[in-house]
Each structure stands twice: as structure tokens, then as C-alpha cells.
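Next come two complexes, and both contain chain A; in the first it sits with chain B, in the second with chain C.
On to the complex of A and B.
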């Protein structure tokens, strides 16, 4: 009996311990992000990147002389859990700024809390357009909105590929839907006919019926918006079925992470994708960050990582410029941000119906010899694009 | 005497709870616990008393949530109208689901309801013009920022549900339900119209779950098909709430909701446990289910005995 109460006591202590350990002169920053479930891969990339950034910031003296102590909480991709975490951070921990989350559904839940509680919230990689269209005063977004994710790809198609027809495949999610809708609108502008627009279930495995439809339509370009696994499977199965298109294009996310090349292997070759960032970008610090990440974790980070890394620098910058550490002072400092980061210039603007939105250039990357290479816009191109691409039969 | 007073003391404590000045985080957890109690009690009526194990309660939850959401997004009404409206809508949906699924028994019924949940999710995803599809519905401004009103609304819903369950189980209806659970053929041969009473159980259970769904829309301010029609996050958790607490008991779902929400949240908050919190929590659930197959409330005697024998030893 005695033994049992001791064990219970220890368990209680374990649960309460986060409340007990908090040094006074540290700035605690806990980040909600998905560490389990389907979006866990993205959560992991971002977690690593936040850590790298905080190490750098602390080495330079932290914020306002305080060291940033980073913490993470797993939101498991569930909005109500994300909400619980943020309520706790704002209420119990009095954290004056919220950074993080990944899926758009969670970011929406967090944004609503942040606005109600008048605490600034910096969105790092959630793309759904309407998050920054709600006239929220306290919600800032560093990554580009989904409607603009494909800008560079559209530009590339217009100037190089000049397609007459395009097939759009997208996964059934807020991200997939808004990405596909944006491409459908853009296709009209470049005089390409959308011959097929098909949705598939998130987590689907067999894409052959879908790809057979694509084969029947023989589109010039196949544009796909998908998270991790689906992107790899679509390319693999397109190779098996020898569905030839003049170009395969992806709308960021699953097409722009290292897993894509690892998973799809040679089927990934020549595929282009929209992305928000790549290690070869000519922004100061981009290469250093990518190398640091690679040295530590064995692969290059995707744009999610870079955005997280830069977000931490943006946060530190705002905290340092803020008059004090109250949410409103931080909010004003964040609004005045004009920072050159490894992710590109960051500035929160109100235009096109968005508020506090950072508009930045998007890129096109192409898989060449098993590596992502920047190919468009030409000012940022690291290598020349390969187009036209060989058909599946011509490849060995 | 004490036993009779207990529910009133409990209710009094719950009524006073928000006045103690807890942080909005604790209030959020309390609201979720009560919401899950409501859903658990609703499921218990069908699964616990009537013996029809449903794996698709997300269908009712989602329909309730979308009723509220669509009143807001399509008709410009307050999403609170979703609470009365969902009673009608969910009843209709439950009748359709019941018409299809209640011809089946046991595991086949479970599988049919499971597929109903998934079918409704895919429907909501694809009826873009009506539901907004995957983009979901976002309520721009929730009615209140403070949690206290949400707390009292969901508490009122919970008390009402509790009374309904108690009333139903104590009445002739409840005996019919149990008879159907114990042996459907025997019940049928005694002259009970089993299909009719199973439909009644399904409708009651569905409507209460739908009310919780409508509340969810108002409270969270954002829904999308993957959130409210979720197989794992709604349907399976509902079953777990009842199984852990104790099926066919009055307080089982409440105890289950406390464990599934509060304990899950506490374990998730343990620092450095990271992604392992699912494993940890899963193990705990396995232990409960192995040693207390009737749930914590159902096997309460077992727990008491365990402690009593220990105390007798010197």
C-alpha cells in the first residue's frame, strides 16, 4: 500500500514537473506542432529547424538578454488539441507570442484563439488562403498563401512548356483543394485547357484508375497537389503504367521534401515542383542553414524547415525590437518586421484581401540526377532546366 | 441517504466549478470532458443498453456539427440554431441509417455503421457547393470569448442527457432495450417489435450525439469533414469512453470521458515524452481493458476488493 502511494506520488510529480521547473530569466517558448500522425514528418523537420535557430539566437545573446528555452507540444494534428495547447500557453504560461502548427485545420483553430486572446500568432507553414483573410489583427503568416504557391510553376509553364492541356490531381484536404482551384484559374490565363480535375482520398494507395484516366486524356502537363506518400506513389505508378506527359509537376508539400526522391527513386527524375525555398537560394544564410541541418540530420531540409528556422529569427527580431514583452507590444513589433532571412525577405503586408501576410517569391525545382535543383525563376536558377523530358520508354 | 444525495452534490460542484476562477485552459479541458460524457452517454444508450455496437457515431456528430455550420454559412443564422435544428436533421439521418443498418446484427451492424460514418465524410467532402468541401466552415466570430457560457450550455446538455438516459433505462423502453441486447430472438418471440425499438434507441443516441456536434461547431468555431466525421478521433474515441468507463452503467461514460480527455492531456503534457505519449496512453488503456473488462465503474467492486484485501494484511 505504501509502495503504491509512492508510485502515485512519483507519477503526479512527473505530470506536474513542467510547472515546477521554470527559471526566471529565461524566455520560454513552447511550440505546438504535429509530432505524431500523418503530418508528423513535417513536424519533425520544423522541430529540428527551430532548434537550430534557437541555438544560434542564444549564442548571440538571446532576446532582450534572456535565453530562449524551447519546448514542443504534440498537437497530433487535431484542432481541439492544438487549441488546448495554445489556451494553456496563453493562460497558464503567459506566453506572449505563439509560433507554429502545421496543418491548416489546426492553424485555423489556433488563429481563432490567438485573435480572441489578443496574442500574436506567427504561422509558419499552413497554406490555406482564408486564414489571413479574416481581418485578424493578431495573426501573421510568413509562408506564401496557397493561391500563390504555384506562381513560379505557372510562369515556367507559360514561358517554357506552353501546354495546351493540363490534368490536375489533388488530395482531398483544404490544402489540396485550394491548390487545385488556384491552378485551375491560372491555367485559363496561360490558355491551357483543364482536361481533368480529379480528387483522391488522403492516404490512398492505388492510383492506377486515376492514372488511366490521365492516360486517356493525354494532357501536356500533369499537376498534382499531395502530401508525402501520395506524391511518391503517383510517380511510381505513373512509371509502371507508362503514363507519358510532356511534364509532371507537383504543388509543393509532398513533392518538395527529400522523402519524395527517396521514395519514388528514378520515377522522381525530371519532375518539377513548386516550392517556397531551396538550399541553393541566393539568400544570405540559406546555404549555411541547409549545411548545418544536413550535418546534423543527414539530409537537406525542405521549405518547411527553412520557414521554421526563419520564423524563429523573425520572432527573436520582433521580441528584441518590441518595447516590452506584452502581447500588444510584440504584435506591433511583428507588424513592423522587415527582415532579410535565410528564407527570403520577410515583411507582413495587407493587400489582395489578406492581412499580415508575407508575400515572397516562389520557385520551381526539378529533380535532376536524384537531387532537387533550382530551375526557375532564372534569377534564382542554379541549373538549367531539362525540358522536354524523355518518355518513360526512352529512359533505361 | 448518502447515495441519494450524491448526484446533487456532484451537480452542485459542477455548477460552482467555473466560479473558482480556473484558467481558460482548464475550462477548455472541462468542457471537452463534459462534451465527451454527453457523447459517451448517448452511445451507451445504443451500445451499452440496447447492445447495438456502433462504430459510426461520427456520422451523427458530424451531421449535427454541419447542421450548425451550414445554418451559419448558408443562411447567415447564428450557429446556435444548429442545436434545435440538429434534432430534426439527425433524426432523419438516423432513420435512414437505421433503415439500412438495423437489419444487420452484431459485427455486421458495427461494420455497416462504420461505413456510414465514412460515407458521410466523403459526401461532405464532395458536396462542395453545400458544405464547402474540404475547406470546411469557419465561424468568424464566436459568441463569447469567455468559456463560462460554453461550460454551462454543455453542462445543461449533459444533465439533460443524464436524465433522459436514466428515464429511458428505468422505463419499459429500457427493459426492451436490455431484452434485445440479451437475446434478440427471445425478445422477438415475447412480442417486442425489435426493429422498432432498435430504431428508437438509434435515434435517441444519434440525436444526443448530434447535439454535441452542434455544440462543437459553436465552441470550436471551425469544422471540416476530416475533423467531425473522423473515424478514429470521434467514432473510436466514443467507444473507448464507454468501454473504459463501463458500458451499461450511468456514470461509466462520465468516468470514461475524464480518463480519455484529462488523462490523455496530462500524459501528453509530460515533458520529453514526445511522440511516445500515444504508446504510453495506449498501454494504460490496454491494462484497463484487460483487468477491468466491464470498465472502471462496471468493475468497481473488483477495484475495491483489491484495496480491501491489501489493507487486511498486516
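On to the complex of A and C.
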């Protein structure tokens, strides 16, 4: 009997020892993000990117002489789970800063907890506008808000395409609806008439009736907000029906990921889309990060990865500049951030009704010969844009 | 003129979609007719066939249309196994809930969907075919045509194969001994038993046949759609609507029901709005239950009586 309790004790010690050692001179940082469930793919990209960043930071001496020890907790994309994870991190683990999450619903839940507990929270890739419109003092967002996702596309339309009419097709989700509404407002600004604004359900099979309607209206620009599958089906079926517009444009998401080109094949050619980041960007470190990621995981990271990678550098920078490691000291340091990252310059501003929001440039990419190329703004353009585009009939 | 073009194109698409719907629905219908239960794992069986076709395509470059020859038999035996070892034992048990086999099929569906998630992850997958968007245009062949209509190769092939399979099924049910036995079992299983039909065996075969049909539909669907593990639910729903619309258990009714549903969805999408298509689907479902409880089959019958 005695023996057994001794063995148990030893086992306990063995299990606890890494924790005890870690507590001594490491900085533990646990990140909530989805690793299973529907958004798991994005969670995975971000996890890899955080790891790459931490490796670099630790190689340069870590933060305040401490090594960062990364941990991950799976929130499965559910706000209640994310909330519980963060409550645990702040209350019992006393983690002085929270970084992470992906879906807007989760980020909203986490932001509320962080504000309540006066702990800084850095949002990495959640776009819903109102998260940083709540007068929260402790919530920071590095990625652009939904309302500005299409800025570069609108700018491109205004300066190059000069459309008279525009058709907006969108998915009947919160993301699709807000994207379509934003474009409707922007269309007025560039004097384009919205001739058609139609939503569709996720999982729809046949878009041809909808596209026939577009064909009848003959709009200059067809702007679509959709996730991966619908984006592909719409372009394929537009090609099959020969629905000619002067330009096809997409609102990020399904139009800005490699699956779009893989799935829609030649129907994807010349389609432009908004996006937040691409590996060809002329920011210092962007290409290095993308190459490092590709060498390790076999494909280029999406903007989610780049934002996560940069967020870790922003966090390390703030921790290094902070007077101490209390939540308030870190918060003040974060607020004073002015850093050039692989994701672009990061600076948290209060304007347009947002607080602690980083307003960064968005981009326009165009599919050229089966590859995404940066075409707008011109300072970031890797290739010249192709416009006007050939009609479906002229393509072979 | 452009209005006419939209209308005709909508009709074409509706018919093509309806043909596919028919094939999906007919499998559920014959199971319904013979077993008197709704198989709510129907869409998941289709999902299994789609993954079979997907694996065959990515591993061996087998065209999804040829995969029908492999996936349909596999699904046939899968259906037989499900019926023999899971559903039949439950049929024999006296239970508090009368329809516990139906609940069992829900469970089977969940198991299949989760197995697929484990094996294939929840990623969306596609089979990129070289001819996937090959399209024929009316104006290419008839230069002075006032309207330009188009038809896409995979949609057309899918439709034609669906028609062929449905015709084959009709021939099987109407002309062969086994088909007649199945129909006899569907009409009155006790009488059929007295006449020397092996009713249990017919049930097993019917379940296999229904599964094989939806398996074929799965293969036909792949070239124009995509797959993910939870895709089954939406097709179970569609076939359920078709089964009700067609008149429970009537093969011809299900075929007509599928076509009507396809046309109706297409027309709703064009003239009301695409976001309304699911609403239309349920409106037609409720309308069928209220005004036409016997479905299309009852319409056909009443005509014959006159």
C-alpha cells in the first residue's frame, strides 16, 4: 500500500515537473482557436503561423529574457467554448494577454470576457464590424473590418473599370449580407447603378436561373460574396451560360483561396477579388514568411496565417516595451504599437467609431494564367491588371 | 426576346435538375413502398457513393460515370447488409415506438457521416474533370437563332443516364419475375407471402436496390457538384419531399415528382428569387400533403379510372 502511494506521488511529480519548470523562467502563452469543426482549416493555418513566429522570437532571445512557451486550446468554433477557455486562462492561469480566435462570434465572446477582466485581447482574423465599436478599452484588432474589405476593389472599379451598372449576388449569411450591403453603399459613391441584388442559399446546386437574370440585365460588373463552393459553381456556370460582364469581382473569402482556382479551373481566369494579404506583397518579411511556411507545410498561407504570424510579433514587441508584465502595462504598450510587420504596418487607432483598430490597406488580386496576382493598389501591384477582359465566346 | 430566352433556359435547367432529383427520390420511394418505412439514411448512402467515386477518381483516374458500375453494386451490398443485420432485427422487436426502424436509419446516417468525417476530414472536395464545363450553344449551330440557349455536357449526360436507369428500373419492376414479386410485396405483403413470394428476401433486395439507385445518383452528381461528409442531409430532405409529392411508394409518381420539383425550383429562382428556393420546396411539400395526399400517383390513377 505504502509502495503504491509512493509510486503515485512520483508519477504526480513527473507530470507536474514540466509545469513547475516552465513557471520559472518561461512566458506561457495559450491561444484559443478552432482546431476541429467547420473552421478547423483556418485554425490549422494560424496555429502553424504562430509556431513559426514564436520560433523566430525565441531564437532572438524571447521576451524580456524569457522564452515564449506556446499552447493551444481548441474552441471548435463555438463562442461558449472560447469563452470558457479564456475565463480559465485569465482567472486560474493568470495569463496577462489573450491572442487569437477566428470566427467573429467567438472573438465577440472572448472580447467581452477580456474587457470585463481588464486583460488585453488581440484579435487576429475576425472581421465583424462591431467587435471594435463597443468602446472596449482592452480589445485590439489587427485585421481590417468587414466594412473596409472591399475598399481596394471599389477603388479599382472607380479608377479603371468605371462601371455604370453593377449586379450584386450574395450568400444569405451574416458575412454575405454585410458584404453585399457595403458594396451597395459603395456603388452609389462611384455612380454605378445596382441593377440586381440577389441572395442565394448555401449548398445550392443550380445557379443558372439566377445567372440568366444577370444576363438579361447586362451589368458592367458582377460582384459576388460567397464562400468557397458557391464561388466556384457560380463562375463555372457563368461560363457555361456565357454570361458576359465587363468584369467579375468577388468579395474575398471563397474567391481569394487556392481552392477557387482549383475548382473553377479556366472559369476563374480574369476574376478579381478583394483580399487582405498575399505572399507577393512588398512588405518586409512577407515573402520570407510565405516561403518558410511553404517549405514546412507544402502550400502558401492565406491572409489568416500572415495575420497570426504578425500578431505574435506584435505581441512580443508589446511585451518587450511594457514596463512590467501586468495586464494594464501590456495594454498600454499595445496601444503604443507602431510596428512594420510581414502583414503590413500595425498601429491601433481610434477613428470612424472604432477603437484600437488597425486600418491597413486591402488589395485586389486577379487570376492570371491560373495564379493569383496582385494588381491593385498600384504601389503593391506585382503584375499589370488585365482589363478589359475577353468575352466567354472569345476564349477558346 | 431576352425574356423568352430566360424562360426557355429556366425550363431546360429545371428539367435537367428534375431528372437528377427523380433518380435520388426513386430509391427512397421503392424502399418506402416495400418496407413501409422512410429511410432517413438515404442521403448519407448517396454521400458514401460520392466518396467511392471520388477515391476512384483521385487514386485511379476513373471517370465518375464509370464509377457507377462500381459504386452502385457496392451500395447494393451495403444496403443488403444494413437491412439484414440492422433493420430486420429491429423490425421483429415489439417496441414502444412504432417507427423505431426509422429512428434506426437516422442513426445509421449519423454513423456514416461521422465515419466519412474521420476518414476524409470535413474538407470540401471535387473531381476536376476536363470536360466539366463543356457546353453546347444553340447559336453555334443555328446562327440566326433569336435566342441563345445552352446545355452543359455533364448536366446532359447526368440527365440521360438518370433517364436510362429509371427506364431500366421500370422494365425490371414491370417485366421480370423478381420485379413483379417486389411489386406484389409492396401492394400486400401477406397476400404475396401466401402466393409463395419470399417476402423477407424481397425486402432485403429492395433495400439493396434503393441504395444502388441513390449510389448511381451520387456518381452522377459528382461532376457538377462537390462533396463533404455532411452533404447527405440535404438530399435526404429532397428525396423525402419527392416521395411525398410522388405518392408514397409509387415509382412513376416519384419520377414525376422529381421533375415537378426541379422545374418548380428553377422557376422560383428565376421569377421570385434564388433565396426563396427552399421556401418553395416546403410550400410544395405542404401543398402536396394537404391537397394531394396520394401524391402524383393518385392523379395518375384517377385519370386511368375515367
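What we mean here is this: the second predicted complex is superposed on the first by the 366 of 396 C-alpha atoms of A that agree within 3 Å, B and C clash if a C-alpha of one lies under 4 Å from a C-alpha of the other, contacts with A are read in each partner's own complex, and residues count from 1 in each chain.
Please note the rule applied: a residue touches a chain if its C-beta (ideal position, glycine included) is under 8 Å from a C-beta of that chain, and two chains touch if they have at least 3 such contacts.
The model shown is predicted, which means the values in this text are computed figures rather than measured ones.
Novice: State whether chain B and chain C clash or fit side by side on chain A once the two structures are superposed.
Specialist: Aligned on chain A, chain C fits beside chain B.
Novice: Considering only the touch criterion stated at the top, classify A:172 as touching first (chain B), second (chain C), both, or neither.
Specialist: both
Novice: Tell me which partner A:117 touches in the superposition: chain B (first), chain C (second), both or neither.
Specialist: first
Novice: Examine A:325 and indicate which partner it touches, taking first as chain B and second as chain C; both and neither are also allowed.
Specialist: Neither partner.
Novice: When the two structures are overlaid on chain A, which partner does A:209 contact: first (chain B), second (chain C), both, or neither?
Specialist: A:209 contacts chain C only, not chain B.
Novice: Contacts for A:190 in the overlay, against chain B (first) and chain C (second): which applies, first, second, both or neither?
Specialist: In the superposition, A:190 contacts neither chain B nor chain C.
Novice: Based on the superposed arrangement, let me know which partner A:88 touches: chain B (first), chain C (second), both, or neither?
Specialist: first
Novice: Tell me which partner A:80 touches in the superposition: chain B (first), chain C (second), both or neither.
Specialist: Only chain B; A:80 stays clear of chain C.
Novice: Tell me the contact category for A:265 with respect to chain B and chain C: first, second, both or neither.
Specialist: second
Novice: Under the stated touch criterion, which partner chain does A:200 make contact with: chain B (first), chain C (second), both, or neither?
Specialist: second
Novice: Once superposed, minimum distance in angstrom between C-alpha atoms of chain B and those of chain C?
Specialist: Minimum over all C-alpha pairs: 6 Å.
Novice: Which residues form the common part of the chain A surface touched by chain B and by chain C?
Specialist: Common to the two interfaces on chain A: residues 40, 172, 199, 201.
Novice: In the complex formed with chain A, which residues of chain B make contact?
Specialist: Those in contact with chain A are residues 23-25, 28-29, 32, 122, 125-126, 128, 133-136, 138, 140, 142, 145, 220-222, 224, 226-227, 233, 265-271, 274-275, 277-278, 310-311.
Novice: Can you tell me which positions in chain C touch chain A when the two form their complex?
Specialist: Listed in rising order, the residues of chain C that touch chain A are 2-3, 5-6, 9-10, 13, 17, 121-124, 126, 128, 132-133, 135, 137, 148, 150, 152, 224-226, 234, 265-267, 269-270, 273-275, 277-278.
Novice: In their complex, what parts of chain A are in touch with chain C?
Specialist: Within the complex, chain A touches chain C at residues 37-38, 40-41, 172, 198-201, 203-210, 212-213, 215-216, 228-229, 232-233, 236, 239-242, 259, 262-263, 265-267.
Novice: In the complex of these two chains, what residues of chain A are touching chain B?
Specialist: Its residues touching chain B are 1, 14-15, 17-18, 35-36, 40, 71-74, 76, 78-81, 83-84, 87-88, 90-92, 105, 108-109, 112, 116-117, 128, 130, 134, 172-174, 176-178, 199, 201-202.
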